[in-house]
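Just passing along the structure, written as structure tokens.
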Amino acid sequence: MNDYDRDEMMTVAAARMLWDGCVTFVGIGLPSAACNLARLTHAPGLVLIYESGTIGTRPTVLPLSIGDGELAETAACVVPLPDIFSDYLQAGRVDVGFLGAAQIDRFGNLNSTVIGPYAKPKTRLPGAGGATEIAAHARQVFVVMKASPRSFVAVLDFQTSGGHFEGRGKSGARGGGPTVVVTDVGILKPQPGGELALVAVYPGIPIEEARAAVGWPLAVAPQIETIAAPTRNELAALRALKARTEAAHREPVRLPI
Amino acid sequence: MTEFLPLSEAIAKHVPDGASVALEGFTHLIPFAAGHELIRQGRRDLHLIRMTPDLIYDQLIGMGAARRLTFSWGGNPGVGSLHRLRDAVEQAWPRPLELDEHSHAGMAAGYRAGAARLPFGVLRGYIGTDLPKHNPNIKSVRCPYTGEELATVPALNPDVTILHAQRADRRGNVAIEGIIGAQREAGLAAKLLIVTVEEIVDELPPAMNGVLLPHCTVGVVSHCPGGAWPSYAQGRYARDNDFYLRWDDIARDRGRFTEWMERHVRGTSDHRGFLESLRRVAA
Amino acid sequence: MTEFLPLSEAIAKHVPDGASVALEGFTHLIPFAAGHELIRQGRRDLHLIRMTPDLIYDQLIGMGAARRLTFSWGGNPGVGSLHRLRDAVEQAWPRPLELDEHSHAGMAAGYRAGAARLPFGVLRGYIGTDLPKHNPNIKSVRCPYTGEELATVPALNPDVTILHAQRADRRGNVAIEGIIGAQREAGLAAKLLIVTVEEIVDELPPAMNGVLLPHCTVGVVSHCPGGAWPSYAQGRYARDNDFYLRWDDIARDRGRFTEWMERHVRGTSDHRGFLESLRRVAA
Amino acid sequence: MNDYDRDEMMTVAAARMLWDGCVTFVGIGLPSAACNLARLTHAPGLVLIYESGTIGTRPTVLPLSIGDGELAETAACVVPLPDIFSDYLQAGRVDVGFLGAAQIDRFGNLNSTVIGPYAKPKTRLPGAGGATEIAAHARQVFVVMKASPRSFVAVLDFQTSGGHFEGRGKSGARGGGPTVVVTDVGILKPQPGGELALVAVYPGIPIEEARAAVGWPLAVAPQIETIAAPTRNELAALRALKARTEAAHREPVRLPI
């Protein structure tokens, strides 16, 4: 069973961390794939909330955007976006929020705003969106990012969303912050004090590769777990989901004329 | 009384240069036709407001229509960057763009305050972020009961909000179905609300607990079928994900962008003409 | 996970003496059966919260279950006074009742803040009224942008909110149709939400933009047909306006009130028994 | 055409003041009768908002309560009650709000809270409900009350809702306050300075009767209008509405068992 790629390994690793009944705040891309994989395998009662306002969606294919029509059609209900942020996220009803970013630092703080100075950026990124308050208020945050020294940096260019920053406890943030960072070379978790350390690797990926992919001297937990490779069942479900998605998105859309 | 106007007249009459304008709709029901009409009529110095600028604001910004942007996430959803927005911020092309940058939760609170005609919105937000360092609009207030400090945003009250919806009746009641994002709040927050609709019917069925903007909240209705494309209208037509992908190529290059806009938007007289010009390309 | 419990068990397990309890529903879907169960189980020292106390709070207050009342309008709608509420306030019978009195707009803001887990709500309210002189909970805050002073109310976060609804599914999703008042906000503001329902179905149809309380917000569901009577359930049974008129007579006199309550509420074992005892009287 | 009573005269007088397209915030009782009469006669486009959350209702009979099922069934839409108060009333979207009260003073301030001291009242009344913010934010307030020296008083026991009180202009109230007080003996309107004066009487009711019904020395406008008696058409519409209402409310309701 070695016929999987690193994206698949990451997706499966993230999906396994979700439990049945867990309320997740889902972003597009790998988090959406991981959540729907979990829902289609071990966690059928997973509650998916997309920030567009859909609660309890059960899409048969992965959405391209966070507001695809299928999310509304398969939702338990569709509520105004302001309600999602006030009455669900801020109110502490989200168990797990997923985040990615352009940069992460050793405390799990994230940058999705700019590379370079804010007033005159080298690269203008999309910005916060829901991330700032997901980072503050979801009970746990799962960060999913491919590791490289350019993205796992010693100093962020801009802090969009807070991880285990100093003073978090008194900041008014209701959630616990990042509890895990899933990368393509292994899994990091915050240690007492909040600094991330490597706690697990994937089959065939040496610890040294993980350390080389991180732009600061990465702490390594005393015991390193090796994550089990994706099972046949997991891979089959994930690939079928992706195949359905590609087929659906290939269907031509007619101009409304 | 709600006015019924062709879109070109609605824009000509109600959206002057320099206006603050919110075109809302979260992925769904984005009022593309109205945005194109702003470009056709050569609007300048607009203060554009929108949670997720999307392609329509990329186009407005790239055509130099905007002076300022209030937003919380500026990307091509599921695809990547908005190249025209980036070019304006990074290179001031075709002109500089002031940013009033928020988080989604902050903008939602601003629209809600605007809809209620309160001067500010309160949220437990902007925690652990550098945004307040760069946006003086983000302030705080102390809870008179607990002493906690909470973030505030100024109310958003656009001069004009433009929405797209499935249906209106002849009195000006507007019915929306599906994902609504902050459409309701942005619509009620506006000094004037313009709605483009797929269809005008004699009478809407009672909405009971559905989403309806009563005619007393709607300033202008314009009949504009297909007016959300390449966004979508639940129950009518699907999101053209493929166009969102293709836009990445079109918008990446200043020349190619300008040519596309001149040909399909400025070179057509209305939304039907726009869609027809694209059909010819596809054929 | 939403619990499914008979109403008597839900109340016994989750509503202790001294709890703050909101039974919401604005004229429509008032959870009478749940209120009666509180009386049957002899609850004491409750902090009752409700915009419009209505007959069910008249009954709870008259039976001595309440220590404190947070409210904004305490009458028999379309009929007149709530005599038991009046007797408690005017004569401290059967015990004194503390009042935390608001306007509708203020209570709505308090529930909304509670639902969002903000410590306070803001409104342009309590203007030209003596209410703030008598209620220290009504304070103010200064807008950090305009300098205006605005009224504040503390967030309402009841220990338990009890609602009545038409339907729940077997996972605990609750669907409501019709007038909803502040039910949604009061439900989401609670530390625990209990919902009595007319019917439990295997699966609810997709609600799209309708009112649904997702199961992750619902603590307990109790099947309780007719549980809103003499209030009503849209699409199921009508408001018993005649009983609201008759209540005026029953409640006017302490003795007659007590006798009625002993016979129909305390003398019956559940809501079905209550309704049957009334049917016998009517026959 | 002398076969009408004073209630009918008041209702018709109030109804005539409403215009087509006017957005009214309606209370139960006489205001509800006046609004629906206007809607059924000269103002078919009147928009009725009941605080229960129903917008644009077109009931065929008068509701007994402010949340009767028919209001929802015939509404353009039903919204949450908090929205009514924030996005409609506070936002300034209500043209006319109707109020009644137990007491009114010469500036149109109203008491619906207590007779006697607040802490130990002689009579505990229902309280503010929507009245305080209707008085503050409706563009105009129409007060409808039967006149008597007990209710038209020199000094209120409690001020529940503000009329033309001192400092109104700087109070944050967005509306214009009471523009008219419709009584059973005539019509009062605020004069410059805010004090109410008699401006009109009904046929056959002398000014002296109006003055005697008010517990302060009532100012009288230089010119007193006489309101026209209800027309045959108005009376017919009002009586048909009331007959339909009584018939509907007489229908027995079965216990849901």
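For clarity, chains are labelled A, B, C and D in written order, and residue numbers in each chain start from 1.
Just so we're on the same page, contacts are C-beta pairs under 8 Å (C-beta built on N, C-alpha and C of every residue); 3 or more make two chains touch, one makes a residue touch a chain.
Just so you know, these numbers come straight off a predicted model, no measurement behind them.
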Key: Set of chains adjacent to subunit B and to subunit C   = A, D
Key: Chain pair with the higher count of C-beta pairs in contact (C-D, A-C)   = C-D
Query = Using the average of all C-alpha atoms in each chain as its centre, how far is it in Å between subunit B and subunit D?
reply = 40
Ask   = When the centre of a chain is set as the mean of its C-alpha atoms, what distance in Å lies between subunit C and subunit D?
value = 27
Message = Need the CA-centroid distance for the pair subunit A / subunit D, whole Å please.
response = 56
Ask   = subunit A: which residues touch two or more other chains?
value = 72-73, 78, 86, 90, 174
Query = Out of subunit C, which residues touch more than one other chain, so two or more?
reply = 117-118, 123-124, 148, 150, 178, 180, 208-211
Key: Touching residues (chain side subunit B, partner subunit C) in the complex   = 117-120, 122-124, 139-146, 148, 150, 152, 154, 176-178, 180, 208-211
Remark   = In their shared complex, subunit A is touched by residues of subunit B numbered 26-28, 51-52, 71-75, 77-78, 81-82, 85-86, 89-90, 101-105, 108-109, 111-112, 123-131, 134, 148-150, 178-182, 184-185, 225-226, 229, 232-234, 236-244, 272, 275-276, 278-279, 282
Task = Within their complex, state which residues of subunit A touch subunit B.
result = 28-29, 51-54, 63-69, 71-73, 78, 80-82, 85-86, 89-90, 109, 113, 118-133, 135-137, 158-163, 165, 168, 171-174, 249, 252-257
Ask   = Touching subunit B in the complex: which residues of subunit D?
value = 21, 23, 45, 47, 55-56, 72-78, 86-87, 90-93, 174
Ask   = For subunit B, which residues are in contact with subunit D within the complex?
value = 1, 115-118, 171, 173, 188, 204, 206-212, 214-217
